[in-house]
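Dropping the structures in below, format is structure tokens.
You will see chain A twice below: alongside chain B first, and alongside chain C after that.
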Partner chain A sequence: MISWLIYRLSRLVIATWAIASVAFMLSRLSTQQPEQVAFSRSDSIGPRGSAAVLLAGEHAMRHRLGLDVPLFYVSRRPGPPVRWQWNGTHNQYHFWLRQLLHGQFGLSYYDGQPIGPRIGAALRYTVPLMLLALLLAVSLALLLAQYMAAGTGLLRRAVLLGLLGLQALPLFALALGLLLLLANPELFNILPANDLSSEQASFGNLVAYLLLPLPSLVLSSLPELTLPLVATLRHELTQPYATAARAKGLSVRQVLRRHALPNAVLPLVVQLAGLLPNLAAGAVVVEVLFALPGMGRLMAGAAYTQDFPVLLAGVLLVAAARLLALLAADVVHYRLDPRLRAALA
Partner chain B sequence: MRRSFPTRRRFAGWVAAAWLLGLVAVGLAAPLLPLPYSPATPDLANLTIAPGQYAAHYLGTDPLGRDVLAQLVFGTRQLLFLSLPAAAVAVAAAALLGGAAGYWGDRGLRLPWLLSLGLGVAAWVWLQPPLLAGLAGAAAGVAVAYLHRWRLPVPLDSLVLGLATLLGALPRLVLVLAFAAGPPLAGGWLLALLALLAWPDMARLVRTQTRQVRAQPYVEAARAAGLPEWRVWWRHTLPAACRPLWTYAPLALAGLIGLESTLAFLGIGVAPDTASWGQLLSQFRQAPDAWWLLLLPGGLLVSTMLALQVFARSQRK
Partner chain C sequence: MLLGLWLSACSSPSVREAGAPIRIRWQRDPETLDPLALPNPQAIEAANLLHVGLLQLNLHTGTHSPALAEKLPTRRLLGDSLSEYDYQLRPEATWDDGRPILATDVAFTLKLMRCPELPNEAAGAQIDFIKDFRLDTANPRRITLICRGQVQDYGIASGDFPVLSEAAIDSALLLRRFTLPTLRQAQPGVAKQLAALTSRYQRLDAAHHPERLGGCGPYRLVQWTTNQSLTFERKPTWWADKLPQATTVLQARAQRLRYVIMPDGASATLALRRHEIDVLTNMPATDFNKLQKSAAALRELSFYTGASYDVVYAAFNIARPALSDRYTRQALGYLFDAQALLQATQFGQGVRTVGLLAPSSPFYNDSLALLPYAPDRAAALLRQGGWRFEKGGWWRPKVAEPLHVVFRYRAEDNMYATIGLQFRAAAARLGIAVELRPTEPSSFSQTLRAGDFDMYARTFKGNPFVYNFMPLLHSQAALESNAMRFGTPATDQLLLAIACEGQAARKQRLLRQLQVVLRREAPLVPLFYLPYRLAASRQLRHLVVSGLKPNYEAAALSWATSDSLVAAR
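Coming up: the complex of A and B.
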């Protein structure tokens, strides 16, 4: 078990490193040069100078953002005599990796401030939102699937149709619909829908503001969790052990809860690993829509302004969350399934 | 009741197909339709008009005074010329890559020695490495080739699966955010990006299916009859392996439509004056009591996605 865990963890670290490196290289390959992005923002503020002054400013900006050193350990200069150059550790990639290992994400292109504190503040909104959504979605899916697998009736068919409809709805349309229903001055104006960052963010306030984003996230992830679980539960009910349990005198619900659910829950565990990053993507939509100052809005804003260090940090966090979730799913799977335990021991 | 179930499903499939065909027809004929307004020109005298309130704006206007009906009609073109081709490209890529990876695996496809030599020479000419590094690389290449008896295997399976895993490690929306940051992409690039994000799932499906089909007796018979490998792959394996794609492709298209409208809603990667349903939906945030900005494009979006799902289900045997 321990060696297997170490093996999995080392693969996770390598995969995260690969994803981060690819994202880093892509971000530096972008069509518009980053220092131009930063500079076009700063030169509108200061006094306009001659071309030489502008050039000097651009050089200073490149130096401050660390863009005046070569990109990678080896660089190749094209031209009739192709020149290869060994840059040693004095390159952007090495610096970036080193500061990442020290837990720093670098400076924002947009305002030149360190990114770490901004991400920390944003995560304070996003992490509770995502964890709550995860918890609620999973417990609702478990309850709903047991209810739906227990029989066939008009109400159950209506619930099924509702779930299918929800599955067809993109998250942003669902959230907009909730906004129209619940935060509309002409219908029921029971929930707040304006900017959280502008007000005092006390705990009670936070709870009130989470009331609209949370249901959108939960509802949007409910069908993909529930529908497969219902199918598995129905299949388990046809198995001989379920018939035996029924013959012993248990009700359908008891059979479902005590006998079928433990067997049906294994695919759900695997699915959970994919749910967490999907919720992160959902957080982008929901936070932009409801103006929550979280990680998703930070990333969307960074995408508008081409603030690659912030985007890169976000991508890295989501990738790490995804890989950790995969690992956690594996461990839970291992704990739940005795056959796997026997195979790995 | 039980007997009528397949018929009912088939009927639903026909309705869905009719809806989708209607959308295609509207999208193709959009420039010819007698619409009173164009989708991009604002009518500044009539901002946020409800449907029926002003005769010429049949379905009202958005907060910028643009005609909703025209935007809905031209939004169909976005589906037709962006999501649909992207899904087609993704399906083709998935069939070819997944099929090849499943058929040849990691060791099945071997380069003839002449071709590997040519590739090596081309790499040298293109890279022009420093002499020592180049010689070391060439020596390593010769050693590897010798170990494989001068016929280098192409690790197709590992390559395709690795790429799919790398692309699948992040949610699509996050990847799009990272790739499409900054100014709006030109149409072709956005299409390529959408296709790039959609192929991995389908490729995995085709790969698994190919491995099953490959073991069938008729494929073995085809190889025993002396047909060339690529012909066995192309004519005998691939068509059978691609059969599940018929049910999966509409779902992939639905996913892409959802992604495309989410992007238009967020205003990332798409020019803000491009008429699309997602863009129209985003106008609803400016005017939260304009129900027609939510219900009309939202209804179209949902019915299209539902139609695609129903269509996919009716394809299943």
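Coming up: the complex of A and C.
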């Protein structure tokens, strides 16, 4: 098991490095670079330098940001004939990788300050939100799935219809709907919406202001977790072991909880690992709508302003988290499924 | 009962105390408060609270007013290529530590804006016209700026930057060893010699700690949570308090200003209704109209709207053979239904225009008629341009393809999509194929610079005091800011004459002429001036509202006293 874990961890590190490297190259090869953003205010009146002055300004900015050194260890000289040139370690990729190995994400293009603290501050909002959403969504999915698998009454059909409706609803529409319904003086002004900026900000305040974003995330991920689980539970109920349990006098709910659920929960574990990117994407929507200063806002802002170092750090974190989640799912699977243990052994 | 109490507490605003923060919504974070960088309007607004320039924009009058300077500068022309501007600083102006603000501080700031290895590239390019300066040995508060060129607007631009303290940043007086021309030319070795200064500036972290630069503005930053809020507090004593009669730009009544960052418009409108913010600008048109009709909202909020100085226009790529003749461009211009677009996108708010000047401008050419929606005239003009309608399209002799237009616009804004769809529908009825290409905002400017378009829709941000259209229309700016590639020797000369003209009557004649030329040559089709929409708490007093960004003067605001509120009811 230990050697398998080490093997998987090393694969994870390599995969994360590969994803981040591709993202790094794409960001540097983008047609829109930070100096072009800074000098592209051609839609306003007022004095501007001549073309030569603007070009000199762009060059100065590239130099200050370290973008005027070669991109990679090798580069192609303009041809013909096409020739390749060895640049040594004096290249952007090497500097970035060296920083990363020292645990630093680099400096923001905009304020010239280290990115780490900014990401740390943003994660303080996003991580509790996502973990709480995950916890609530899984708990609700387990309860709902057992309830729905136990019968086929009218109420169950209504719940199913509701879940299908939620699945069809984009998260943005769902969150906006909740906001307009529950934080609107014209309707029900009963939940706080986005006054986190209040100077009396406290943990209680934070919890209060998560009351709307949290249900948005939970409701949007609930159908994805519940509907397959219902199908699996219903399938398990048709198996001979479930019939035997029923014959011994157990109620349907008892059979579901004690026998069917442990078998049906395995696919859910894989699904949970896959839910992470959805939640991360959902965090962008929810944080923009409810004005939460989390990772989603930070990433969206960095993408808008082409602050590539911030964007890269975000990609790296999300990739690492996703791969770690997959690894964790494998470990849990291994623990829960005796057949896997036997196969690995 | 508890729910009822909560509901009533949420829905009725309590009377705000004089020291209570005035909460203003910002759409995005300022990213940095470094006065040398200022990459967005929010950063500029914050800089105006923390620092003071020689001149500052006065939203009340719509012009620049003296701030650190005693009066507007006087202009002297030197030969035919230089001009000089004399500034005299106010004797009352001091830094927070009581030291006087002197001409050496202005000179230092100009040099710092050209100092290598600092985030000042854009700012440096904007003041590149300032060639040098001259200090007066007999008068430490007098400085003369020597400018390259004789453009009239330099009178404003030469004083519109935050002045920084030399003692706070460069106590070793390192920059005094260099002249401004040396720094402008970026001579080799200068960066190395200034390494100590640049390293000190970076250590100061002006982006997040503007107070370390020793500002002379009325406010100090007391809190900033990225993407959440910024709070500014009025300094107990500020030098401008001693002035007997301070202009609007030197008035700072608000004791505490809190900018709340809310990217989403609908959620910001709700926050306004819930009394979580007090001033909201750039309101979505639907929300603004709806709230204006709500009796409950009218009891709590005041609404302001009018024409801004931002004009929406469609423009042509003149380098394209199909669009190189003016008849084709004029014809396509008649396919925009500007009135219907104004109604559809702005609920009829805003105002139509004949050119790039606002109808309220004294230089507006009211002899020109507004461009109508006229597909018949478009067809006639196309024939005049040599096009023939055959096989369902418009063809020209010796051209293999029919008339076909690639129309680009920023993907983020529905207004542009509506313009594109209306134009495409009108063109289709005439047999012209239009391909709409919504373009990602971050690469839009680059795409235009690369010339990868036939037409585009965009907003031009103007103002009522600068009439220098050279960046947009001069042939020397082609491939740069003049994405249309427009410009002839005659129009270049006209643009230069307008930019340099100081006498109002002559300027009016030239600007009217420019509007006629633009109508005839049709490199662009001005559609309408956008409206500004601002809603604010009725408890606020001294609200100066303007079509100029940010549409309000934050520092001038104050809370009404409870007595005055009772009297108003």
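Please note the rule applied: the second predicted complex is superposed on the first by the 313 of 345 C-alpha atoms of A that agree within 3 Å, B and C clash if a C-alpha of one lies under 4 Å from a C-alpha of the other, contacts with A are read in each partner's own complex, and residues count from 1 in each chain.
The criterion applied here is as follows: a contact is a pair of C-beta atoms (placed from the backbone, for glycine too) under 8 Å apart; a residue touches a chain by one contact, two chains touch by 3 or more.
Here the structure is a predicted model, which is why all the values come from computation and not from measurement.
*Asks:* Name the contact category of A:I19: first (chain B only), second (chain C only), both, or neither.
*Replies:* In the superposed model, A:I19 contacts chain B only, not chain C.
*Asks:* Kindly classify A:D68 by the partners it touches after superposition: chain B alone (first), chain C alone (second), both, or neither?
*Replies:* Neither: A:D68 stays clear of chain B and chain C.
*Asks:* Between chain B (first) and chain C (second), which does A:L311 come into contact with in this model arrangement: first, second, both, or neither?
*Replies:* After superposition on chain A, A:L311 lies in contact with chain B alone.
*Asks:* Per the contact definition in the header, classify A:E58: touching chain B only (first), chain C only (second), both, or neither.
*Replies:* second
*Asks:* Tell me the contact category for A:R297 with respect to chain B and chain C: first, second, both or neither.
*Replies:* Only chain C is touched by A:R297; chain B is not.
*Asks:* Applying the touch criterion given at the start, work out whether A:G112 contacts chain B, chain C, both or neither, answering first, second, both or neither.
*Replies:* second
*Asks:* Both chain B and chain C touch chain A; at which residues?
*Replies:* The overlap between the chain B and chain C interfaces on chain A comprises residues 31-32, 37, 176, 179-180, 183-186, 193, 288-289, 300, 303-304, 306.
*Asks:* Give the list of chain A residues in touch with chain C in this complex.
*Replies:* Within the complex, chain A contacts chain C at residues 31-32, 35-51, 53-54, 56-58, 60-61, 64, 110-113, 118, 121-122, 176, 179-180, 183-186, 189-190, 193-197, 199, 288-291, 293-294, 297-298, 300-301, 303-306.
*Asks:* What residues on chain C touch chain A, complex-wise?
*Replies:* These residues of chain C touch chain A: 3, 6-7, 10-11, 21, 23, 28-29, 31-32, 34, 37, 39, 116-119, 121-122, 124-129, 151, 153-154, 157, 186, 202, 205, 207-208, 223, 225-229, 231, 258, 260-264, 266-267, 270-271, 273-274, 276, 294, 296, 441-443, 445-446, 448-449, 458-463, 466-469, 471-472, 476-477, 479-483.
*Asks:* Can you list the residues on chain B that touch chain A in the complex?
*Replies:* Chain B reaches chain A through residues 127-130, 133, 165-166, 169-174, 177-183, 254, 258, 261-262, 265-268, 278, 281, 284-285, 288-289, 291, 294, 298, 301-302, 305-306, 309.
*Asks:* Within their complex, state which residues of chain A touch chain B.
*Replies:* 15, 18-19, 22-23, 26-27, 30-32, 37, 76, 82, 84, 164-165, 167-173, 176-177, 179-180, 183-186, 193, 277-278, 280-281, 284-285, 288-289, 299-300, 302-304, 306, 308, 311-312, 314-315, 318-319, 322-323
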